[in-house]
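Structures are listed in the sections that come next.
The same subunit A turns up in both complexes below, where it pairs with subunit B and then with subunit C.
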Partner chain A sequence: MSTVQGQAIFRDVPEPKRVGLRQKVWNSRFDYLYVAPAIIVMLIVIGYPIYYTIELSFFNTPASLALSAKQFNGLDNYVTILTSPIFWKVTWQTVVWTVVSTFFAFMIGLGAALALHREFAGRGVLRAILLIPWVVSAVAASYVWKWLYHSDFGAISAMLTQVGLVDKPINFIDNTSTSLYALIVVNVWKEFSFAMIMLMAGLQTVPDTLLRAAQVDGASPWQRFWHVTFPHLRGVSMVTLLLLAVQNFNSFIIPWIMTGGGPAGSSDIWITHIYQLAFGRQRWGVASAYAVILFIVMMVLGYFYVRALTKGDDARAAT
Partner chain B sequence: MTAITEAAVTQRKGAGGWRWSGRIFLLLLLGFTVMPMIWMFITSLKTGFAAMQYPPQWWPSEPTLENYWRLIDPSGSVGRDFVQYFLNSVWVSTLTTILAVVVAVPAAYAFSRFRFPGRTFLFFAVLLRNMFPAVVFLVPLFILMKALGLVNTHGSLILTYLTFGLPLAIWLLKGFYDNIPVQLEQAARIDGATRFQAFFLIVMPLSTPGIIATSIYSFIGAWNEYIYAYTFLTRHDQMTLPVGIQRFFSENATDWPGLMAATFMMSIPVVVLFLVLQRYFVRALTEGAVKH
Partner chain C sequence: MAQVVLKDVVKNYGDVYAVNHVSLTVEDGEFVALVGPSGCGKTTTLNLVAGLIPMSGGTISIGDRDVTDLDPKDRDIAMVFQNYALYPQKSVYKNLAFPLQMRKLPKDEIDKRVQAAAKTLDIVHLLERKPRELSGGQQQRVALGRALVREPRAFLMDEPLSNLDAKLRVQMRSEIKRFHQDLNATIIYVTHDQLEAVTMSDKMAVMNGGFLQQYDSPANVFANPVNMFVASFVGSPAMSLVPLTAVTKGTDVVLASPEGWELPLNAANAKKALSAKSNKVVLGGRHSTIKVHKAQVPGSVPGKVYTVEPTGDVTFAQVFVSGAVVNVSVDPTFLLRPDEPVFIEFDQNRMHLFDGETEMALKLAD
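Coming up: the complex of A and B.
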């Protein structure tokens, strides 16, 4: 029985108080068998690439990716990036893309979750339909919206013309001043349902009795939302906002397929830019340095992400 | 007394106003959601000539299924390629799913039940993977695949799809295991079951919904994956759908009706899968994020 010390199942068996780390590891050796396959796969496909990206970021690697010919060039790649005006332009666009997409996806998702919370005929069907954009591939979504935005035959321009709002077709995505925002609309379309589904689950944790009590006390719908519902949603909102922000920061498919970051880099964001640097212009070192900077930014965000996700994990461990 | 009734009436009126604005909002949102899907379908029913008109025909004057027929007709080159892409996608997604679930089940169980040194660190490492975009891993994985001779094979995709499939599967499954009472296993252990028996005979059957949900996630994730497939595959006979359809239609002038038919066909499997198994899908996602 002494070998099962690591199990929660046998929590009631008194454990020796102060055991050395080595002893603890030895006692848990069977626990490691369960995680070993996962850890090995992760080391190969995640640990190794991270290490390699960091290494490449300090080298100048020939376009052919002939690794034997790579030359150490210290921080040159980083200097190249940070002194380039394109870096700051792309960073600003990434911030706009991430913040605006996240905000609208969340707000629309919240509105939908609140409106769908009450039981009514057809609610299940409606929820299912609203979730479809989130399930279909971003590739399909990108092509469909590219067609909707088409400068000559696009349905959106045509609708606006027929209603009389504009007198000639609008060029949404081949236009440096609108391309980024046109893509944000697609992105919001694709992911608002994620916020909706998370917040719907969150709403179920709001005790009905509290809402009713507030109603009896004469609270207006807005007061009920703000003072009763919203505090209960804080946890799930944090997780949702964080996940949306991470996902948006890491977007690639929608801008890549719809505009390729153009025209004139006006819809370029970090990931499309890195991809272009690496596989378009074969500047492996600079692209790797970009990835490392991104990595650091994500580590900071990741700290909050993990904290939000594992909140309650230790509370549960005690049961 | 009258004051109270009046207050109640105005209040109900207020609530009614909120309900109506909620309905109008939902209606607008529904329009926003389905408009692209409907337009995709309508366009796919048009001939190339009918699609290139302005203002567009809101409903095709001569609807045709020719675009779909072309995609599945094995005697034409378009059909042959499309069917090949489709089968490649099915193969890659299925294998990724099986591998991810088989590796993730014991790991998720251990993270949920056992307290071993390094558990927290390892679990954080798993969660953190979800933070990083494919691009961070792309260049080194490309080098690795070249070294292993896996470029242009499905092996390269299956291996790299585990980079996102595995952490997600572990996280989702752990949420399910956390909600299965430990007492059930304790009872089984007292009745003489070994650790493995308690796991396989008691926990596994109870976590079936979790495994189903996790499988759908892995499958849809792999089915929709684009960036690795786009980078690692250059040979036509190996391509999966998201990359394949791109190669198809942008060579000369874009054949929009054909492209819309292809995106429609590509979306069907995941949408059907999702609609049929919606219950599991929604529960799995929110299990970890919402604490009851």
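Coming up: the complex of A and C.
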């Protein structure tokens, strides 16, 4: 009796050879059961909308008809988008918006992080002040900046005219040549604290003895930054840049509140354009096709983001 | 290589003195160990010599130059750190070349020196690797190499062996000693391990609480500790210290224990004991000068065995004597049991006496 029991227990121990996928799933069936509620909710609120968006992108949805009366039109929506000059204009503006915002937010954040890394009186207060843009609501900030930019009542134009830099007030956001850049300034102001926080955390990981070793080896402050500090920030910089890029690609609040993509589409970026198409002009099919293209771009960025994250883990594990 | 002179060096943070008026001279080609417990100021002293932290007072000169106000890069010293401080993103070759690049040496000169240093330290086959692909001992050698390529006037080493395992530490110890002999290098070496200091250095500077306690050859520090701190810090196991009272009985002087026993002193020791500020005298003895008896003999004092630690060649034991722990060593065939009453005999010619109030060693006036 006892020997039989012993054998049975022995057989329960998994063999060291490869186990098939089906067997693996079956072996951890209860684990799946436990996460099932979360997965079901996610499928309903994330999975289904994604599916529905992809489906809609292959249909024509005339504004005069109900959404259920959609007509299949194959890849027509995609062709319409890719051949329209507006698409390329909005894409270019999105790239400018994303790249310029990300670059300046990162560089200003890096400068602030380096400045705040040293001990000095009032460091804590300054750090708290520099964090305000990040914690303030984007909607509130957008309205405040809209007023600051206002040509008649705005503080910026008032200051510039008083100092004498310009003769008459500048209309920053109602001007097709300045609107996008005016928005980028607000966006950079809003985001640089995020880069600052990330890089400050990164700076903590730079070993003090390495900096001392470099000092003894004869490196100047700039050389110490370039040879010791910066290489240590590479991982966190990659993550910060990617997070900023993804966030900027998906920006909506600041451009929508401040200009709504105008004037004449001069500050339109993908998200505001898609919103306009879908909820302004009820062109659900085209808007969905736009969203699918955006989705693909985001997935590519996301892939690099995850890779940068896990690469950092490998490097840490190896050292 | 050059002489390093510290004159009245002070480093204080407000009322806290990390380094308190330390003066010492490291001769050209000498290996000096700065040794002491953690927080004694040894690493601070080394950083002051390197110029990594500003001094509060005093002067430091290297060779014939006063370097007190010079930047680390202008002091012409090289430093080896406890955690090696290799640049993780650079290959071994680039790590070695870095201090030379910073000094803007021509490329072929850099290559020549890097190859020579790599050959000296037997790391030629590692030159293309990154630091994280090396073992601890190899990283340590690269760190030494990076110091070596500079051809500095002095080497400063901050606990360079602390991160290695015990076996490797012993091996690297002899390699650093060899390195010192071959190069005739001036080395200031910080360690908390008195054994490292004793085995490697020409002179050891024992520090405690920011003060330089004793600066002498390891043999002299071992044989003639100037105070109770040095006595109990140097040596393994440490010197045993038993607080007693000096009492004059007619022409004799004895050390009396509160437990009632008395230890008569010979003439020389009697003189020393009477030179103490009060009658409080601390008796010190190293295990190698103490005999253990199972029965009382003249000049022995009673004690009780606390622990017994056989090590093979020799058995160490701790014996309670008048409330203090006395380390003794006996032949492995001499069996001792915990709680066994024994009698301890101090060698009158090799015992140490300390002033119970000042903690300074009692010496015969010349």
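Please note the rule applied: the second predicted complex is superposed on the first by the 285 of 319 C-alpha atoms of A that agree within 3 Å, B and C clash if a C-alpha of one lies under 4 Å from a C-alpha of the other, contacts with A are read in each partner's own complex, and residues count from 1 in each chain.
Convention: a residue touches a chain if its C-beta (ideal position, glycine included) is under 8 Å from a C-beta of that chain, and two chains touch if they have at least 3 such contacts.
It should be emphasised that the depicted structure is a prediction, and the values quoted were computed from it without experimental measurement.
By the touch criterion defined above, A:227 reaches subunit C but does not reach subunit B. Note on subunit A: of its two partners subunit C and subunit B, the one contacting more of its residues is B.
Shared-chain residue A:82: touches no atom of subunit B or subunit C. In the superposition on chain A, contact is made by A:209 with subunit C only, not with subunit B. When the two complexes are overlaid on their common chain A, residue A:31 makes contact with subunit B while staying clear of subunit C. In the superposition on chain A, A:201 makes contact with subunit B only, not with subunit C.
When the shared chain is aligned, subunit B comes close enough to touch A:45, but subunit C does not. Residue contacts after overlaying the shared chain place A:218 against subunit B and subunit C alike.
Counting contacts as defined above, subunit A residues 215, 218, 319 meet subunit B in one complex and subunit C in the other. Residues 4, 6-9, 21, 24-25, 28, 30-35, 37-39, 41-42, 44-46, 48-53, 56, 65, 67, 108, 111-112, 114-116, 118, 126, 128-133, 135-141, 143-145, 147-148, 150, 152-153, 155, 158, 161-162, 169, 189, 192-193, 197-198, 200-202, 204-205, 215, 218, 220-221, 235-236, 239-240, 246, 249-250, 252-253, 257, 271, 274-275, 278-279, 284, 287-288, 291, 294-295, 298-299, 301-302, 305-306, 309-312, 316-317, 319 of subunit A touch subunit B in their complex. Residue ranges on subunit C touching subunit A, taken from their complex, read 47, 50, 52, 71-73, 77-79, 81-83, 85, 87-90, 98-99, 102-103, 132, 146, 150. Residues of subunit B that touch subunit A in their complex: 7, 11, 14-15, 18-19, 22-23, 25-26, 29-30, 32-37, 39-40, 43, 51-56, 103-104, 106-107, 109-111, 113-118, 122-144, 146, 159-160, 162-163, 166-167, 170-171, 178, 182, 185-186, 189, 195, 198, 220, 223-224, 226-227, 231, 242, 245-246, 256, 259-260, 263-264, 266-267, 270-271, 274-275, 278, 282, 285-286, 288-292. Residues 207, 209-210, 212-219, 223, 227-228, 231, 234, 318-319 of subunit A are the ones that touch subunit C when the two sit in their complex.
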